[in-house]
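Labels for the chains are A, B, C and D, by order of writing; each one numbers its residues from 1.
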Amino acid sequence: MSGNTFGTLFAVTNFGESHGPAIGCVIDGCPPGMPLSEADIQADLDRRRPGTSRHVTQRAEPDAVEILSGVYEGVTTGTPIALLIRNTDQRSKDYGDIAQRFRPGHADYTYWHKYGVRDPRGGGRSSARLTAPTVAAGAVARKWLAEAYGTRFRACMVQLGELDIGFESWEHVPHNPFFAPVADVQRFEDYMDALRKAGDSCGARIRVQATGVPVGLGEPIYDKLDADIAWAMMGLNAVKGVEIGAGFASAGQRGTVHGDSLSPEGFRSNHAGGVLGGISSGQDIEVQIAIKPTSSILSPRASIDTAGQPVEVSTRGRHDPCVGIRAAPIAEALLALVLMDHALRHRAQCGDVHQSVAPIAASAP
Amino acid sequence: MSGNTFGTLFAVTNFGESHGPAIGCVIDGCPPGMPLSEADIQADLDRRRPGTSRHVTQRAEPDAVEILSGVYEGVTTGTPIALLIRNTDQRSKDYGDIAQRFRPGHADYTYWHKYGVRDPRGGGRSSARLTAPTVAAGAVARKWLAEAYGTRFRACMVQLGELDIGFESWEHVPHNPFFAPVADVQRFEDYMDALRKAGDSCGARIRVQATGVPVGLGEPIYDKLDADIAWAMMGLNAVKGVEIGAGFASAGQRGTVHGDSLSPEGFRSNHAGGVLGGISSGQDIEVQIAIKPTSSILSPRASIDTAGQPVEVSTRGRHDPCVGIRAAPIAEALLALVLMDHALRHRAQCGDVHQSVAPIAASAP
Amino acid sequence: MSGNTFGTLFAVTNFGESHGPAIGCVIDGCPPGMPLSEADIQADLDRRRPGTSRHVTQRAEPDAVEILSGVYEGVTTGTPIALLIRNTDQRSKDYGDIAQRFRPGHADYTYWHKYGVRDPRGGGRSSARLTAPTVAAGAVARKWLAEAYGTRFRACMVQLGELDIGFESWEHVPHNPFFAPVADVQRFEDYMDALRKAGDSCGARIRVQATGVPVGLGEPIYDKLDADIAWAMMGLNAVKGVEIGAGFASAGQRGTVHGDSLSPEGFRSNHAGGVLGGISSGQDIEVQIAIKPTSSILSPRASIDTAGQPVEVSTRGRHDPCVGIRAAPIAEALLALVLMDHALRHRAQCGDVHQSVAPIAASAP
Amino acid sequence: MSGNTFGTLFAVTNFGESHGPAIGCVIDGCPPGMPLSEADIQADLDRRRPGTSRHVTQRAEPDAVEILSGVYEGVTTGTPIALLIRNTDQRSKDYGDIAQRFRPGHADYTYWHKYGVRDPRGGGRSSARLTAPTVAAGAVARKWLAEAYGTRFRACMVQLGELDIGFESWEHVPHNPFFAPVADVQRFEDYMDALRKAGDSCGARIRVQATGVPVGLGEPIYDKLDADIAWAMMGLNAVKGVEIGAGFASAGQRGTVHGDSLSPEGFRSNHAGGVLGGISSGQDIEVQIAIKPTSSILSPRASIDTAGQPVEVSTRGRHDPCVGIRAAPIAEALLALVLMDHALRHRAQCGDVHQSVAPIAASAP
């Protein structure tokens, strides 16, 4: 399959450019009979939307989604669901000066050599704007998984640039513009203000979690559940690292510590992050991702132009100084899409497997 | 596609169980006209083979590969290449006591709930032994990439349990049993001996590198080159984390630091790890992976059996106390397979793209 | 992959229902650098469009296509090309009476049992209207193949119901409403008028041809070129039979007759229809398809309703009395899409194969 | 996906050449928990085997299949099932004289131009011998479908060269070497003897049927059930035409005749051949295929060699004078593989769809 499709059975094909007429996706393989409306999708899109705080790009896009197909009288029919989002706030003049020069850290250079041509308007297809269709498709997956298994998804920021955020409670996440799981975010406000003044940007680390995951999702070799999660997360713009469970810390652990004990009451720890041998264990799926600092910064940097000559590049325009801030809802959507696809794959092959003994609890009391 | 295939155009379908009659793979899509013999493949298999030092499992398998198809008079014909490795050293009695109980950290529990049945002999399909076909297929990919582009792959261990290894030179790697890039490995020998005596195991961190990578490999959204690398690496047994370039460190970096400057002489740094916007930049591809401690340890741990009752599990048998030690050649193979597939995908879509300006060097002098 | 995608490298994902907001498709994998505009696509759509003669449905849809992505400054960029066609002439009231009853010969019964729900408006997704996106995607493929290899596609009707049409010349095809390769079509006009008066419909046979086909397209086993052609053609609404070359006549032939001789000047016959061993030979690809009579007819027929009770069904509304009439441009598009996909697949695997001896001519003089 | 895989969820990857060390396949995606042994597969292989009568090739291959993986204690585990058949009767000397010349009607010419190299021994990969792994995989599919739904497959020859066979009863099929559904086959014996004496070959027509098919298999657009059947059948060596239900006869039918009426007691006819709108209706699936005369004949024919020079080719060696004779069990296997894959695909997407009204009978009494 060509490269712009996510999933094999719940297959999401993404299209569009940041400043073209529209962006969107086609979801092929959604189970029939599920109530679905634009409102179900819009809520997640709004959480990802630009312009919601002073710490993200001020591009003002309503990102209103239209369902073009696959839904009849408010219910999915099992046929492809096409989702369309018109681009409305295209200021291509902001980007004219970068058409002939390659911004460091951006896809400009690689697109140009790969394709011979590239759409420079707003980063074209490499823009983070193209995560909107992913979020939209993720909303459909989340709804189905919630109804079928009670699976839920949430994400929060656990590091902002040099600052470790810590974790107090999931309840704080919706109440601050950073998706931070802490009550007091003043130092993050200050940090961002200083960053913006310096014409610089910063990275971030995001934690993503799924709860209520059924046992048995994933394939033993290659298409493991954790492999597909890593694929989905690393494919998100600016992500440079992915961990499952104990992640990089497990390199320094011993077997007596790492292996999660089982008891009739449930698992006694979750270093595995919810995946054993590539297959979900029923524990919470725990993922962390590292996001690099935004490449579009005001500070001038050395680069070359399309003729190979040295130039200096300074990116004006409307950019997120920390793309990690808006990454939380996107990461949730990505995790939901992976689980959704594997839920259908599992049902295909093992739909008639029933053990007499039920799975144990995700965690022992 | 079902889950045991790696790649879309250079497609490797893996089969076999640790203690069944044989393991192997079918490579579909290999370009025709390349000289290929068992010897080309055996060399890489031998680097991965068990029993090569006292720090790895003492299972004595020759892992002799047989080419069953796709090669005529020593040259690939473009038809599927089937590779067969007979299992010869199956001591199933070693594993009989674990058929009814779930080893913590293993796939036992998840396989049982997913499939309803499982092959307990030597871990069945979840055994690290199943990486042998991957290494074999990787050898074919490496040969083609080396001839077509001069691409080379190498890997080394940079952390062994609590011990940071450091990096002196690639030249040391083949001269010690740890694939360590340092001259003196005595402290690692001592560490492993103590570990074994304690009936414990440890994790590891591996660095993988590709040099001589052509510009332009990868797809802009979803099937990004780095996404597919993350998928491949996370899909390797025991891997819990994957980084590209600066990886998790990039979360703490600023944009003025992270973005790699370009000059007519080449890139001035490589925080990106060779991938920009999901597409190879021509820089070295730099990957690090975290490997968890071996789950099969002598120390007893709490678990349950298939009836849901509490039991104690202690794993005898022949196991690597640090599976990371043999991971280096496997990680190289995985990276080669990803690049091979994308090389063919790129040629399919962009085979007639030619820029008048050549790519810059991987790194400025 | 889910079921609504055509092709692996030039992958067309089709969406929409006959009376929903819009229909369309996403083309993923189109080579970059090709000039492309709506006008290139509209021409083929207009040939397929309803309302062009009194022998086809009078539904008046302009079928105006909009390119939403993948084209920048009039040139393909290599990213997904989304094509949108808004539905404008939806008269759902025409179809209200069939929501609870199954029309014989239609997909009503099977959709209902498969999905539990179905969109009855205009046949929903099973409507022949959904061939429009296929034709649109085919136009892109045809343009690329024409520029790359000089490949051309054409189709004509060779049988209309009981009437054998014969073959005089391709030149007649555009000059009559039947795509008939003959000068005088009066008897077909009369036949259709009588049919309409009788409240009945008829089948048809279509011949499809590709010329200027490069040697080497197709895979040896399973994904043969002729297999994929058969898949594409049989997948067209109402098609019940597909032949390549001599087709069913070859069952009655002898080997001394059937096998096409080769000479330095070219092939001496074309019973193979341009495919040998699943791979294109460079000869013209010759396909014939059988199309069943339209299922939507005025004459009443016995059926059942969703409660399983016997009912009588008579289909009013605007229907083609012979869907074969508009099938010619669709069949051309399907053949183009198959060749396009295989052209890219071939380039991926065999892009560097060069024989010192050139292929022979498609046919000896 | 590369070209040698059949199916998406029940995915069969075929490998091997006629005179290489072995042929076989890997079945990925088989549901777990089904009893399976070599004996289950061998029965179908034996029906396809050469040397069973004087009308087929006298190559004496036992075609003994070995299960290498995916089965533990006689039960499928859900992991890939690798099937191996060693080649034992390779007389490569029979074929040496055709290495440099292209046999008319064969794949020699197209392989050579596609790949640059080819394995000429026994036709290499284009040999009909490569249908054995397909038959083996089909046996697994048949077993599962029979147990899950009671689906059965059978095929018979309905035309042998110029001779129409007619249809008396399925019961005759196993009792003559032609798979003919008639009691008296003497005239076919005589026909074949005359053909062999003349150094010629002939074509054939085969009817294939599935009974006990569940309603709902197939996708609405592109991956229709009948499309996939056409793909499978046309992909069989020597097939030049495929029909479903009324097939080419439907081109001459009227709507009042063709559309199968429904009644509470069942369908009243089966012109559709068991598929409506690309989805199985529960009626018997009826397929016919046309098979061309064997290209390997003793009678000399004009051709060219690899230098492009004119030569004469006469094929000695052991060949079936009518490949159609052994096609019946292969066609059954192909149909089973298509239904198996769609059964899993359907369960994936629609596994929880349940209508309160049961499907009607395949045919009214």
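By our rule, contacts are C-beta pairs under 8 Å (C-beta built on N, C-alpha and C of every residue); 3 or more make two chains touch, one makes a residue touch a chain.
Everything numeric in this text was worked out from a predicted model, so none of it was measured.
Student: If we look at subunit C and subunit D, which chains touch each of them?
Tutor: Intersection of subunit C and subunit D contact lists gives A, B.
Student: Could you pull out the chain whose C-alpha mean position is farthest off from that of subunit B?
Tutor: Comparing chain centres, C lies farthest from subunit B.
Student: Pick from B-D, A-D or A-B: which interface has over half of its contact pairs in common with C-D?
Tutor: It is A-B that repeats the C-D interface.
Student: Cα centroid separation between subunit A and subunit C, in whole Å?
Tutor: Those two chain centres are 38 Å apart.
Student: Averaging over Cα atoms per chain, report the distance between subunit B and subunit C in Å.
Tutor: 45
Student: Just give me the whole-number Å value for how far the CA centre of subunit A lies from that of subunit B.
Tutor: Those two chain centres are 25 Å apart.
Student: Mark out which residues of subunit C touch at least two other chains, giving numbers and ranges.
Tutor: In subunit C, 1-5, 8-9, 14, 29, 32-33, 78-79, 114-116, 125, 220, 345, 349-350, 353 touch at least two other chains.
Student: Contact residues on subunit A for subunit C in the complex?
Tutor: Listed in rising order, the residues of subunit A that touch subunit C are 1-5, 8-11, 13-17, 20-24, 26, 28-29, 32-33, 66-70, 72, 75-82, 84, 114-119, 121, 124-125.
Student: Over in the complex, which subunit A residues touch subunit D? Could you list them?
Tutor: 1, 8-9, 29-33, 78-79, 148, 220, 344-345, 347-353
Student: With touch defined as at the start, can you tell me which subunit A residues reach subunit B in the complex?
Tutor: 1-6, 8, 14, 102-107, 109-116, 125-126, 130, 159, 161-162, 195, 200-205, 215-216, 218-224, 226-235, 237, 240-264, 268, 271-273, 275-282, 290-297, 299, 301-304, 306-310, 324, 345-346, 349-350, 353-355, 357-360
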